[in-house]
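Each of the two complexes below includes chain A, the first together with chain B, the second together with chain C.
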Partner chain A sequence: MECCRIDMIKHDHYDVIIIGGGPAGMAVAVGASSAGLKRILVLERHPRLGGILNQCIHVGFGLRYFKEELTGTEYAARYKKLFQQAGVEVKTSSFVHKVSDRKQVTFVCPEGELFVSADHIVLATGCRERTREMLTIPGTRPAGIFTAGLAQEMVNIHGILPGKNVVVIGSGDIGLIMARRVVLEGAKVQAVLEILDHLSGLVRNKIQCLDDFGIPLYLQHETLEIIGKDRVEAIRYRDNTTGRENVMACDTLLFSVGLIPERDLLIDAGIDPGDGIHVAGNADYVHDLVDWVTKDGEKLGRSLGNGNA
Partner chain B sequence: MKTDVLIIGGGIVGASLAYELAKYRVDIILLEKEAELSFGVSKANSGIVHTGFQSDPGALKTCLAVRGNELYKELAKTLDFPLLPVGELVVAFPGELKGLQRMKETGEKLGIPGLEIVNRNWIDANEPGLSREIQFALLGPTAGVINPYETVYALAEQAAANGVHIYCDHEVTDIQAVVGAWQVQTEKGSFTARYVVNAAGLYADKIALMAGTEVPRIVPWKGEEYLLDRHAEWLTRRVIFPLPRKETKGVLVIPTVDGNTMIGPTAEAVPDCEERSTSRSGKLAVLASVKNLIPAVKEDQIIASFAGVRPTTREGDFHIREDREGFINLVGIQSPGLTAAPAIAEQVCRMLAQSTDLTPKEGYIAGRTAIPRFRLLSNRERNALIKKNPEFGEIVCRCELVTKAEVKEALRRGARTLDGIKFRTRTQMGRCHGSFCTMKIMSIMAEELQRPYDSISKRGKGTEMIKT
Partner chain C sequence: MMEKPVEKKPKTRRKAEKPLDRDKAKRYTCIVCPACCDLETDGVEVNGARCPKGEVFARQERVAPLRVITTTVRCETPRGLRMVPVKTSCPVPLALIPEVMKQVKALRIPKIPAIGTLLTTGSSSEPVEWVVTGEVG
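Let's look at the complex of A and B:
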């Protein structure tokens, strides 16, 4: 479902520029349009709208907003219809890499590096996953280490299964979803190891993705070392309830150890939200349901039109 | 296959030699056992172009390092690789001033220019992050930093442009002396050469043995390095050293070419040349040592860690010798080997010139242009590139702002693995550690190299991204 791809943008100054065409960005645009704003531009780095929903082929989306259980891709498709009715200008394959305190954004696209300004700039840039490097887990640097979201892109978009014998480190939702997903594709998941004493993701994901598939969740289990010269061969871990250490063989590690709101554009520019700079969706804080991202985004969008932002 | 000179090893030493020797009318083949050049010792080098004053003044390696330092400036210009002339500072804690003075005298005898002992006022003005305990420091303004792998690729590209044949994934399995030549076996074929130069790094002693020559044994000596986020940009402007100990130069603070600060390395003898794991104890030791130098450094600034193995010998000095006729061993090229490499290449050329005619090559192609680095260009330069090739307008790596055109250019210049692309373009090196770009790069590789996904590897055979 391709969206109104155009070659160049229509104006050099907008009422609102929204960075990111995922669920948050689309919702802000819909809200702003409904409140009467006319010149709205969404800049999306990928060739199509939808953001991370495009790789979420599992169900669990839409119960609150559409009163119906949908997959992520269905949710995106439904919402894109609403979005298109709003008549908002979209520029895809456009990567924003700079925001200035004068409310100017710089973006790169196949037509060039362009500048555009607006009364309001909204970061709807989502979040990124924490990685093995951020935890500085000791050991080797073999092939076979992925974030759960990257594995999701590999399996669901490109149809490739990263490995056959998997350990998931961290019990975030994407990790739980991907544990089930790789099992459905024929891999074995040894376990989900969580350093904390409680699950990080949603309980329903634990039931539907781990319990229903016989995948064990080990709480208070700390990963101590990654083993394997060329390919991951095993991990060494410790059960922090007993202090006992052990080794678990595997050929692939999926990390689901937290999400970081993506706000580097503001951090790099040294600017804070406020005074026409806004943050929406998971770039603001990590929501557990996309439905809330949509509702919050629409509300923020409307407030821009009503002048109370 | 027949050639005049066969170089075994495609690290900084082998590549420097290939580059230097390609100026002359000789046929040259370079064999590398890894999937790409620099993947052995060089890729994990700290990247410092030393002044030379820290090594034993009587040693061969010191002379070569001093000469190498001089050569790098011209080399970086000719081959268009970044060399930042940051300078180095050896810092002294109370009671260590004498050591600094001795070091300065040694350096001056070696002809190293600009050495100066600076006091706390200078430090306050120029390196305010240094610990208050540090009262004096020895400034070596001629030190610099380079990217070791980028330098290897620059040298090798220039060598290849001038006719050097480079074969990666070619591990030498046996060497035989035949009449007037050497026969070198690999699993992918046999090579006959009048001269063989052994620049095999960690395996140089084993290669020497295959040719029946005796050289000092290699003692693999591991070092862990930790890279800090660019938010902590350049904690110091210069390379900072404590006063060196006998076995290593200690834990350093290194401003890298790319604007991150690197701290390390540790120093530990390991039983295995391929032992490149990092450890919690290593990280804590590095942090503790660096905190002595720069109290503000913090653990949560670390964004990446890696380990490399140095090819040291008990003898300590470089072994550069024609140990049998036509067989030249370059063994124990440990620190300051990166600095010395261009001078080692000159030295080997002089050795070869004693028994063969080295006449300058007609039609030698001088100069090379680096892959454009989109992130570092102005708006006007960016738009000029995009106009010529719209793939400069497709961002593949979000953290380092690397474009599809740069990735494709890296492939055109010989990258065959994800690490090879990383080292040439800086994709996968930023804050997201490849979460965003890995699949995009794999798709570009699959398309450009016409290879299935399951053959695409991180750094060569055995490291395929997909386990089938």
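Let's look at the complex of A and C:
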């Protein structure tokens, strides 16, 4: 039997350790490498690099950075090439569960638990989606409630349609993109309900995702209750312009109600950014274009190499 | 922490308003880039575009809207089902999207293609060409 190749890491101390191999993490690595840093390690929890771009099959990426309209997956592949040229060490399937104030990182990987330290630690962990629980919408807890990004992963990576009769709550870009996506896959989208008096996402996404497919956008509409025993059956909502309440039948809810920078590693350790601890990309603040994530990340990476951080 | 970069507008300035045929004029929001310019066109002249792509978009949108379709194709590999991301190699008429989606949903590929591979659906007289847009893990 052939022996397994154990893909251990090369050093126990690095110039920079980057947590997250999405667009931000790759960009920091490219920047740091271009500024002359040699020992750079990227830790990625998934088996492959690319982060959220891997599930973004729609177009609208790269106009600013590559001067060309690409899908998210194309952007990831294109940037991965630049990243590979930088010759950075990568460890995939590696989940960081602890960062200490002594700049030590603990992670779990197929070989077990490893410790490693660095002069600089960069959190490039992206963000999380706000959930129904965070909105404290009353009602039952049936199946059929998803965040838009989770639905995106189900459809685009796993080929599973989350439901047939969908209501999207919140008008963020991922919700708009997913409204179109599930319609293309054969579902019906009743409406997009937005509590605010304006669209959260980009206007171009309302046009090409909702208007093109005749999906109504209801502004100033508040979701009051989720109804359903085993599966979502309906929602009760209120039109806040008139105060009138109504019920809409559906079997699936997709929430697109905002993103929260993912910094639990720092929060758990009780440490703030500064003094060799850095935050990049959407873990810093939510960017509306990946192109800016890349540019920001490269800039941060270069500053680490130039000793300006 | 870094400063939030400001969305840079394309360098070309908004041109002076041209007189439009008011009976034929229609308004659109450009979807070519995130700047989302407000456009108005009578089919000949276009107002409001910050770049030439917007002018082309407005004239086209008035006649027959075109869209690039992005979706996935099922690929049954020995390691299980993989979804291969694809896009149409050129924009297709909005009105044809249901038909084109029907074609691509019926498509099955036996092996994971490389990024950039071309696939074809539809009849030989009216083929639709697709480009593989991602590296499938």
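In the analysis below, the second predicted complex is superposed on the first by the 303 of 309 C-alpha atoms of A that agree within 3 Å, B and C clash if a C-alpha of one lies under 4 Å from a C-alpha of the other, contacts with A are read in each partner's own complex, and residues count from 1 in each chain.
As a working rule, a residue touches a chain if its C-beta (ideal position, glycine included) is under 8 Å from a C-beta of that chain, and two chains touch if they have at least 3 such contacts.
From a predicted model like this one, the values you see are computed outputs, not experimental measurements.
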{"item": "Contacts of A:158 with chain B and chain C, given as first, second, both or neither", "value": "both"}
{"item": "Partner chain(s) touched by A:204 [first = chain B, second = chain C, both, neither]", "value": "second"}
{"item": "Touched partner set for A:112, first chain B, second chain C, both or neither", "value": "first"}
{"item": "Which of chain B and chain C A:279 touches, first, second, both or neither", "value": "second"}
{"item": "Partner chain(s) touched by A:54 [first = chain B, second = chain C, both, neither]", "value": "second"}
{"item": "Doubly contacted residues of chain A, that is, touched by chain B and again by chain C", "value": "157-158"}
{"item": "Residues on chain A engaged by chain C in the complex (per definition of touch)", "value": "47-48, 54, 57-60, 63-64, 69-71, 73-74, 76-77, 80, 155-159, 184-185, 202-204, 207-208, 212, 273, 279, 284-285, 288-289, 292, 295-296, 299-300"}
{"item": "Residues of chain A defined as touching chain B within the complex", "value": "45, 93, 95, 97, 106, 108-113, 128-129, 131-134, 136, 138-144, 146-147, 149-150, 153-154, 157-158, 160-165, 225, 229-231, 251-252, 264, 267"}
{"item": "Residues of chain B that touch chain A when the two form their complex", "value": "226, 231, 274, 276-280, 282-283, 302-306, 379, 382-383, 386-387, 390-391, 393-395, 398, 401, 403, 431-436, 438-439, 443, 453-454, 457-459, 461-467"}
{"item": "Residue ranges of chain C in contact with chain A within the complex", "value": "1-2, 4-5, 7-8, 29-34, 36, 65, 67-72, 74, 81, 83, 85-87, 94, 97, 101, 105, 115, 133-135, 137"}
